[in-house]
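Two complexes, one shared chain (subunit A), two partners (subunit B, subunit C).
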Partner chain A sequence: MASSLTVPQAIQELKIAQARGHRDSNEIVRKGLFVLEQKNGLKMLGEDVWDFLEQMAVAALDIGQLELADDCIQRLAEQFPKSPRVEVLQGQRIEAKDLDMAIKYYETLLDADETNVAAWKRLISVLRQQNKMDRCISELTEFLDTFYSDLEGWLELADIYASVNLYTRSLQALSHALLLAPQNPFHTLHFAETAYTANDIPLAIRYFLRTTELCGDDSRGVARRAWFGVRLCTKHLTLHPDSPSESATKPMSTSSLNALGELATERLLAAYSSTSEKAVVPGRKEVLKLLGGSGTSR
Partner chain B sequence: MAPLGRAIQWTAILVLLHTAYSTYEYLSQLKALDKPQDHIPVDVTIEALVSLVLFIFGTVLAAPALTEITWAKEMEKRTIDEMDSRLGFAGFKHRGAKFYGS
Partner chain C sequence: MAGESLYLDPQIRDWVLFPITLVMILVGILRNNVVQLLASSPKKQSRKATREQRALLRSQILRNTAKASPLPPSFFEAHTNELVTAFQEGKYLSKPIEVDENGNKIAPNPTSMLTDPAAMEGMMGNMKNQMVMMVPQMIIMGWINFFFQGFVLIKLPFPLTLGFKSMLQRGIDTPDMDVRWVSSLSWYFLNWFGLNGLYRVLLGSDNAATDKRDLASSPFATTGAAPAAGPNQDFNKIFIGESESLQIAEGIYKWAGEGIEERILRKYGKIPA
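On to the complex of A and B.
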């Protein structure tokens, strides 16, 4: 943990975390405090010090370090009075204490400016935290009607629907997300797994295969999960060929399904093999048991 | 590899400067002898071309490592957590404060 971390390296990692949207709040606060404690840490940030403070404030609120968050927000408020971004940060600080007051605060912000995206998102988030699902979903759909290209919003809507077991609506939201980010294998995997949960197996197997196509030759991470999904789907379809399917997707022929099942098995075996004699890939035994077992649709 | 490339680049620049100086000296010699200044000796031309070739060679050696450009390779480095993080909607009422809070 306390490895030899240099200030430029910490700053670089914090920038990457901000650009990619990592929600690694504990690590961000640790690295941020390390930078702040160095003598010329803030100077090395130069112009980016305000982005850094904003990132630190949100991360500190996420892990409950309220004094650190207050400190960062105060510095930002002194530098940028009347800034909408700082107002939303102050709203997040209120959220940490009292959610009802936070709702009123965001509503006043939205009365002043209806198109305040960040405030609207925070309002939706607070409604979800208070479990007011009806109002939350209606606000979120109105938000997405206005700002269609907000990928985050569609993913959040899909998550909300999935959390209340409305999987087909979750699939609809995810299809919009797929339109906005077509090359992203993570979202296609999400779609495929939601389709499987919604018992639409032909659709699921199509999207599992699409995920493997997007991943190329990769056999780690997402592609491996997708191959497991392909195998699950082929097993399900070959064991229950006569089950009534309400799926809109055309089902595949049995020979294709068998071929796909064999391909998935071969890909998984390859993923869990290693070229050297001594190293055994962890999980290989369990995967062999899974692949060798027959007659179960699990 | 990169220092060698840089050294070759600097050598090429020095050779080019030498070529320039040789040309200047030859042309001023022609001017002093009142001869027409219409040609440069062949070896100076060859030296200029040699400096060009050396510079190209040095630049190629000194180039930084190539990075992958396909989308699939970029996606290999990402995780599901960062793709699905939805920071704009992130709520703070979870057990993080119990672990790390003050």
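On to the complex of A and C.
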């Protein structure tokens, strides 16, 4: 496989991976090493060589190839002394050794420049790795209070809250993410599922429906998952019409609920049917069982 | 026509027309480099100043999405109330509100341009840039006026109305000459405003030679235009205004999840449209 790879091709693929933020570190290191092994590999990178080294350093750290990472970081540090980006890379190298030391390192960086976003984010992530949730949450809230528009930050906060079973708090963090990216069905689905977990079913069903609406006619991936959610919610709401709703969401009428339940069943059946006769969509049997089992109780 | 009888020495083309154009292009490129050298690295904003600005953004996002808000009513209300109280109490201000002896709030003095060192620095930067823009232009203009005053350089290949006379024949006062003849000083002005496209090709789109301040920095425009959105805004006033806008936005608030069951059922034909 490696023999079919050419240098320009490898460089191109690395660039794509970088632009999209793929975390495919093994592949990145493999391709990166391939480029490095060529005689004029680094020259062919031209001006992009520094971006390439940064990408390699992070990927190498990710899969534990510390020597490779050291090499990359050293070259970057020689070229760009005192660059904040390199400083953060060096911090990540320290993280690989000793988390406590990394925290101290990031704290000194932040003391020198209180607006060093990258260092602040790393500090928060180290705190989370160390399971110091109190300080992690307070740092992250302060970070988000300052840099409100950081979408990933809000998602991370929601995730942290969910990991300590504070689903209502998680919902609040997600609501900020929804405000920042109202067009993204993934966040809507996330909100719906968190609401479902927080036992706010009337709210959840509306967000599951909103997800399917945002997805348009597509019934794969996010939308299919959302239809499952709708199915679960309608079933729950028909069985327990007075489900509590912390957000005081109005319950839907019984006729709408029934119609929605039927619609969700129909959509899911359609999603798990194939046009050709022989091929069976994987999971079809289980889905039929689920739909049939709950269908009788309706 | 009088203009037809005019014959231009080809030496004028070689020694006046082309040199003026060439000098202007080269000066533009030089200016781009000088501005890059002079540019001080962008100043870092303090955490508090960032927070102040992002808070404004936050309220604007909340306000602008209110018509089809992704937030359910209880969440929207909580967000709005939190922001409104924070704004009215000045929690997001980078400089705290001063209180006089009676306990009344004094709005922080919109920091005077001349006392705030940060503002001074920004002003110095602007002035340096403007000098770099103006000085070469003035020198070139003087050069042209001194050596080539009253020269007719070029004949435009298309007819024009008399209205263009003052634009194209600056520096020569002949009432009868055809408007198509262009004088040296006018050629300079045409180049000055017309070379922007070329600079953009040569130097990239965000170069300093073509910048949008070109008109402002011309000696003819008044340079008194104050920077519209500087760091010296009175954020307290803006925040109070925002909090009022937020309360208005509450009136037009509509949840995207409102009536969604009907929308979906109608979409799939389960209830008549």
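Everything below uses one rule, namely that the second predicted complex is superposed on the first by the 277 of 298 C-alpha atoms of A that agree within 3 Å, B and C clash if a C-alpha of one lies under 4 Å from a C-alpha of the other, contacts with A are read in each partner's own complex, and residues count from 1 in each chain.
Basically, a contact is a pair of C-beta atoms (placed from the backbone, for glycine too) under 8 Å apart; a residue touches a chain by one contact, two chains touch by 3 or more.
Since we're looking at a predicted model, the values are computed, not measured.
Asker: Fit or clash for subunit B plus subunit C once both are placed on subunit A?
Answerer: When both complexes are placed onto subunit A, subunit B and subunit C end up side by side without any clash.
Asker: Does subunit B (first) or subunit C (second) touch A:Gly91, or do both, or does neither?
Answerer: Neither partner.
Asker: Scan A:Pro185 for contacts with subunit B and subunit C and give back first, second, both or neither.
Answerer: Only subunit B is touched by A:Pro185; subunit C is not.
Asker: Quick one: is A:Arg210 in contact with subunit B, with subunit C, with both, or with neither? Answer first, second, both or neither.
Answerer: In the superposition, A:Arg210 contacts subunit C only.
Asker: Using the superposed model, determine the angle subunit B, subunit A, subunit C defined by their C-alpha centres, to the nearest 10 degrees.
Answerer: With subunit A as the vertex, the angle is 50 degrees.
Asker: I'd like to know which partner A:Arg220 touches here: subunit B for first, subunit C for second, both or neither.
Answerer: Once the two structures are laid over each other on A, A:Arg220 reaches subunit B alone.
Asker: Quick one: classify A:Gly32 as touching subunit B (first), subunit C (second), both or neither.
Answerer: A:Gly32 sits against neither subunit B nor subunit C.
Asker: More residues of subunit A are touched by which chain, subunit B or subunit C?
Answerer: On the superposition, B touches more of the residues of subunit A.
Asker: Does subunit B (first) or subunit C (second) touch A:Thr146, or do both, or does neither?
Answerer: In the superposed model, A:Thr146 contacts subunit C only, not subunit B.
Asker: Is A:Gly229 contacted by the first partner subunit B, the second partner subunit C, both or neither?
Answerer: neither
Asker: In the superposed model, how near does subunit B get to subunit C, counting Cα atoms only, in Å?
Answerer: The answer is 17 Å, the least C-alpha separation in the overlay.
Asker: Can you name the residues of subunit A that touch subunit C in the complex?
Answerer: Those residues of subunit A that touch subunit C are 113-115, 145-149, 171-172, 175, 178-180, 182, 188, 203, 206-207, 209-210, 212-213, 247-249, 252, 256-257, 259-260, 262-263, 266-267.
Asker: Quick check: in the complex, which residue numbers of subunit B touch subunit A?
Answerer: 70-73, 75-76, 78-93, 96-102
Asker: Quick one: which bits of subunit A touch subunit B in the complex? Just the residue numbers, please.
Answerer: Touching subunit B: residues 20-23, 25-26, 29, 58, 61-68, 92, 95-96, 99, 118, 121-122, 124-126, 128-129, 152-153, 155-156, 159, 183-187, 189-190, 214-218, 220-222 of subunit A.
Asker: Which of the residues in subunit C end up touching subunit A in this complex?
Answerer: Contacts found on subunit C: 44-47, 50-51, 54-55, 57-58, 61-62, 65, 70-75, 78-79, 256-257, 260-265, 267-268, 270-271.
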